[in-house]
Amino acid sequence: MARSHGRRSDQLRPVTITRNWLAHAEGSVLVEFGGTRVLCAATVESGVPRWRKGSGLGWVTAEYAMLPRSTNTRNDRESVRGKIGGRTHEISRLIGRSLRACVDYKALGENSVLLDCDVLQADGGTRTAAITGAYVALADAIAWMRQRRMCPGDPLVNSVAAVSVGVVGTEPMLDLDYSEDVKAETDMNVVMTGRGDYVEVQGTAEGTPFDRTALNGLLDLAAAGCAELTRLQAEALA
Amino acid sequence: MARSHGRRSDQLRPVTITRNWLAHAEGSVLVEFGGTRVLCAATVESGVPRWRKGSGLGWVTAEYAMLPRSTNTRNDRESVRGKIGGRTHEISRLIGRSLRACVDYKALGENSVLLDCDVLQADGGTRTAAITGAYVALADAIAWMRQRRMCPGDPLVNSVAAVSVGVVGTEPMLDLDYSEDVKAETDMNVVMTGRGDYVEVQGTAEGTPFDRTALNGLLDLAAAGCAELTRLQAEALA
Amino acid sequence: MARSHGRRSDQLRPVTITRNWLAHAEGSVLVEFGGTRVLCAATVESGVPRWRKGSGLGWVTAEYAMLPRSTNTRNDRESVRGKIGGRTHEISRLIGRSLRACVDYKALGENSVLLDCDVLQADGGTRTAAITGAYVALADAIAWMRQRRMCPGDPLVNSVAAVSVGVVGTEPMLDLDYSEDVKAETDMNVVMTGRGDYVEVQGTAEGTPFDRTALNGLLDLAAAGCAELTRLQAEALA
Amino acid sequence: MARSHGRRSDQLRPVTITRNWLAHAEGSVLVEFGGTRVLCAATVESGVPRWRKGSGLGWVTAEYAMLPRSTNTRNDRESVRGKIGGRTHEISRLIGRSLRACVDYKALGENSVLLDCDVLQADGGTRTAAITGAYVALADAIAWMRQRRMCPGDPLVNSVAAVSVGVVGTEPMLDLDYSEDVKAETDMNVVMTGRGDYVEVQGTAEGTPFDRTALNGLLDLAAAGCAELTRLQAEALA
Amino acid sequence: MARSHGRRSDQLRPVTITRNWLAHAEGSVLVEFGGTRVLCAATVESGVPRWRKGSGLGWVTAEYAMLPRSTNTRNDRESVRGKIGGRTHEISRLIGRSLRACVDYKALGENSVLLDCDVLQADGGTRTAAITGAYVALADAIAWMRQRRMCPGDPLVNSVAAVSVGVVGTEPMLDLDYSEDVKAETDMNVVMTGRGDYVEVQGTAEGTPFDRTALNGLLDLAAAGCAELTRLQAEALA
Amino acid sequence: MARSHGRRSDQLRPVTITRNWLAHAEGSVLVEFGGTRVLCAATVESGVPRWRKGSGLGWVTAEYAMLPRSTNTRNDRESVRGKIGGRTHEISRLIGRSLRACVDYKALGENSVLLDCDVLQADGGTRTAAITGAYVALADAIAWMRQRRMCPGDPLVNSVAAVSVGVVGTEPMLDLDYSEDVKAETDMNVVMTGRGDYVEVQGTAEGTPFDRTALNGLLDLAAAGCAELTRLQAEALA
């Protein structure tokens, strides 16, 4: 089975990270993993949610959504249905947790950064592209804050990137596109820091349950993929 | 008072119409009026809403939304708030009505086209840009249908374009950007066909009520603006 | 085609304005345009919405709704469906904007008036009847406030009235009833001040797009209709 | 303590029942108990809810609501809040159950009648006025159906009327107005058939719990009140 | 017709009241009336709702819900449907009113107790079991507060218990189980204090309307049932 | 630091699995992991969701919820708030996916099993207890179906159990209770089949990101815990 873009099973799709895609946001990135295209906008707000007030600590959170026609068949808008679906909730929470792993709340002071990750076009791996792009938008937003001396210290203490891996047929593969994702027996999303530690590991047997050997193989692929994404993030921010 | 892009009071902002911006939609356009950037996606569905079944007639409808950080200060997502605001409803309805003016339902047969207009970046005139771009996406979607022989005839019987006009201070101006819009005494959105007839005229006195002379002046400006947009649409579709 | 009440194409239906229809409201009017019957209640509240606090300025807003069996076939309650429809939103916003054109916010002080316009019976032109009646209820509410010396000045600086006009077949007509409205090619709602200036002009081609001549004809009819309604409002308030 | 309208503790307020208040509904009544004014509209639909299809039996149901300014201080619209409150639900269910006691479902055939009871002005006893008026609207709607030979038999096998009773201070009273209701220690709503049987008895100790003697006294008052209302209903329908 | 548990028409089902069923709640009771099993949890909060602040008075309220598979056929979750049904609202309000009859708000001080009554298994009489059990949980919660000297006095001035009675066929019966409830012509829920006074009487003719004699018979049965439940509550609390 | 129940870092809390806790459900289990108590009810429905009709395949799904006072401080009901939170959504989806790993859809035929997992008392590990208990309820429900010959084959092809592991301080621990969970640097939920394969691995760095060695240590602990739970499930089903 040939992969899209003629790539090997351990290769990422072509990745592009375009900064400052939006005029208004304090940080904004259009990130592309092959045909997957996510617009990440960072909004800085002075102040924190009520439950955190007076703590001296900042906060980082995220919201993920898909445009209705980002996908092959159209999905109804969640605003029209009047409620947010489980998948959307789950991914928003994942992105928020992942980005909080980069941040020193104390150095951020009582400020918040909200990352909006809107999928303009979906071709597999939207959540991992969102995390990877949102990190860059967050870095820009923090730079913006530091220029204005809003933060007591340097809040950006780490970087994060994320990639999906999976077993398609019996072959472990890096960075699945949609056609691979629907065939995958096992699907795993891995979020890692720039130093190579884990922030999130989420593996799911869509078909046959997987054994420890398969798990180890996927973790190896993901580590290499995240390292490459970390390099691309650094390049974009340079 | 100098206008953005150094333009005269009767000039449009730079307009770009990029077709096929999305891989999945049957028609898709990224339309830009200066800093206003709207992604218009047309989805073709065979079949019509329940109330229209068996009529032999097609249907065209639209949904408008803004990304939370398309604006200068972030707006909460309507999906998170659990309901659609009045402004969103109003503009979705306006876009739908405007596009239906181009379509012969009988020639369309019992098929539907849904236009999603998502504002990626807002700088005034988002609804008029949406209508202008959605027309092009609709034309592409209809061409797609005709290639597949889904329609009994040619459903596209007209074109529509839209522009905003307003009185800023005492001067009538074409295609207001956001900074002009907030200062406008009177604000009018005009939707016209390619033949120069009116589909919608919506004028509102934000400040002082306006007289018949002012109304006539605005209608003149709008007619010229819509004619120019009609030319740009034709060029994009050529 | 004979019109209801044997009237000419440039004649209003019989209009009645009954003040003080409710015991509790600070101003209340039952307004009738032929078979259209709208109950308008003005509620005075000291204080303004959060975003306006400390400005020294007042606020006027409106909510429109139809009783489920005001119409020929019953409509589900929006409270039961759990959300407000687009048409309701749109008309509520229109009524609010229209009435704000009569009011000097500074003279009102930090007080609010909320106009509830509930359609008890619908026979076309409910929004224009609502605006026309709500103005009278607002005038009564402001008189009530001034008696209690709640306002720093006289907030009522203008009057507004509204009427619908349309092209039925090829004939322009004033104040369409429901049977005319469903047949109209073009439908326009015009809100004017007592001095003859425009507050809102909303024209829609339901069928064939209309040209400038038709637009001018409709504007002439509307101006005469609004002038007559202004006279009837003054009479009711005398 | 003097009662409104100079009445004795065992007297109803002035009651008026105006039939055919609405042009469109198959039955409609404006019912007034003193200052309480409820508009009752009966809508006939052929067919029954899904769970009752194929049974050969009809259905009767009701919805109750208050206009926002029917009360002394304005209540937010339930449509705006996006949900129906407990009190509204409870009263809608009570009215539906009460009216179903008059109806032979088999004779009604697979048809439905929906009673909308909208409180235009509230001064205590809105639910009992609604039941009393809705019965008359239901009778008119059933007559309308019988004229069109929609029903296999005569579905109206009984009549219902309702009244509130309560202990104010230590005195049992009939048909409490709002000022009495807020002071009542015990509050009871009684729905009875024209033959003097009970359909609903709902007594609540708002203050001190009540004993059997008090309960008996209230039941006596209610029986007399319902008998008088039954007479007024018959008179209205004559 | 034999009754479940071989009981007479004037006998309760076996009743068990298990205190401290939950580790976290300030008072908690698992109450069983035969196969009906309700978990009642009392939550103490210092402070009262906004509308009661500064009054020096406390507040008691309740929420009732059924687990989806407490019943014979599964009911959808109200959280999934996004709204609370009328029956749930009605019963929550009934439980709250009933428990408030035991409490001296002044002695409670500005503290609140919220009773959650969740039906784990339903076999008729869930609301009466809930009231009977919630009283015991409330008593425990108040004891907990008094140990911590949160209350200015002793807020528990009464006890309440509740039971259902009904006419099945022509026989009046105490404490209906589900199979009896669905056959009952008349269904009545009675809430009484430990001293034998009424807090709530809610009788409904599900089938034939009932006369005063039937009503009196049901009230007699209920009084005996509530007296027995009061004894069981006292025993459990001893 | 001593653990609750005096256990070692690689020991489970006392686990009890009580079958048939409910009278109505086709399978029901009260599962306890120490102080965590989850009621799992399996509902069998013939038929499958619309999108799966005609496939010949069955379906298994789950809903998770917490009673408001299952926790130390009360949580508002999701039904009252009108929407389901992200955490609830996420866990419901996890339970459903986990149980589907045991099932041969073809052997199930076009039948559905819905697992309701309601947390009566929470002390950490509610999702893993829910999965472990729901498997037993599912097994009972499938046995119930097979007795009635509803299934074309034996749908139960595997078993699943789940446990949480985490790093508290620097020590990896099995089956965290609430007090340990809030202190954990890393938190991982692992779902495994009875044969020792993975269905889900979800690891999150709550504090410091974790390295591959830590991950491996946690996976070892989890494998031993799941094996023990598998043994207890088999014992309960014997």
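Think of it as A, B, C, D, E and F in the order they're written, each chain with its own count starting at 1.
What we mean here is this: contacts are C-beta pairs under 8 Å (C-beta built on N, C-alpha and C of every residue); 3 or more make two chains touch, one makes a residue touch a chain.
Just so it is clear, the structure is predicted and the values come from calculations on it, not from any experiment.
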| item | value |
| --- | --- |
| Chains contacting each of chain A and chain E, listed by label | F |
| Chain F against chain A, contact positions shared by both copies (same if over half, else different) | same |
| Equivalent of B-C within the choices A-B, A-F or E-F, defined by over half of its residue contact pairs recurring | A-F |
| Distance-maximising chain from chain D - centres being C-alpha averages | A |
| Where chain D and chain E are represented by their mean Cα positions, the distance between them in whole Å | 28 |
| Chain C and chain D: spacing of chain centres that average the CA atoms, whole Å | 33 |
| Separation of mean Cα positions, chain E and chain B [Å, integer] | 59 |
| In chain A, residues with contacts to at least two other chains | 82-84 |
| Order around the closed ring of chains, commencing at chain E, then chain F | E, F, A, B, C, D |
| Chain F residues within the chain E interface of the complex | 22-25, 28, 35, 39, 41, 43, 45, 63, 65, 67-72, 74, 77-80, 82-84, 88, 114, 116, 118, 120-121, 123 |
| Chain A-facing residues of chain F, complex | 83-87, 89-90, 92-93, 97, 101, 158, 188, 192-193, 195-205, 208-212, 215, 219 |
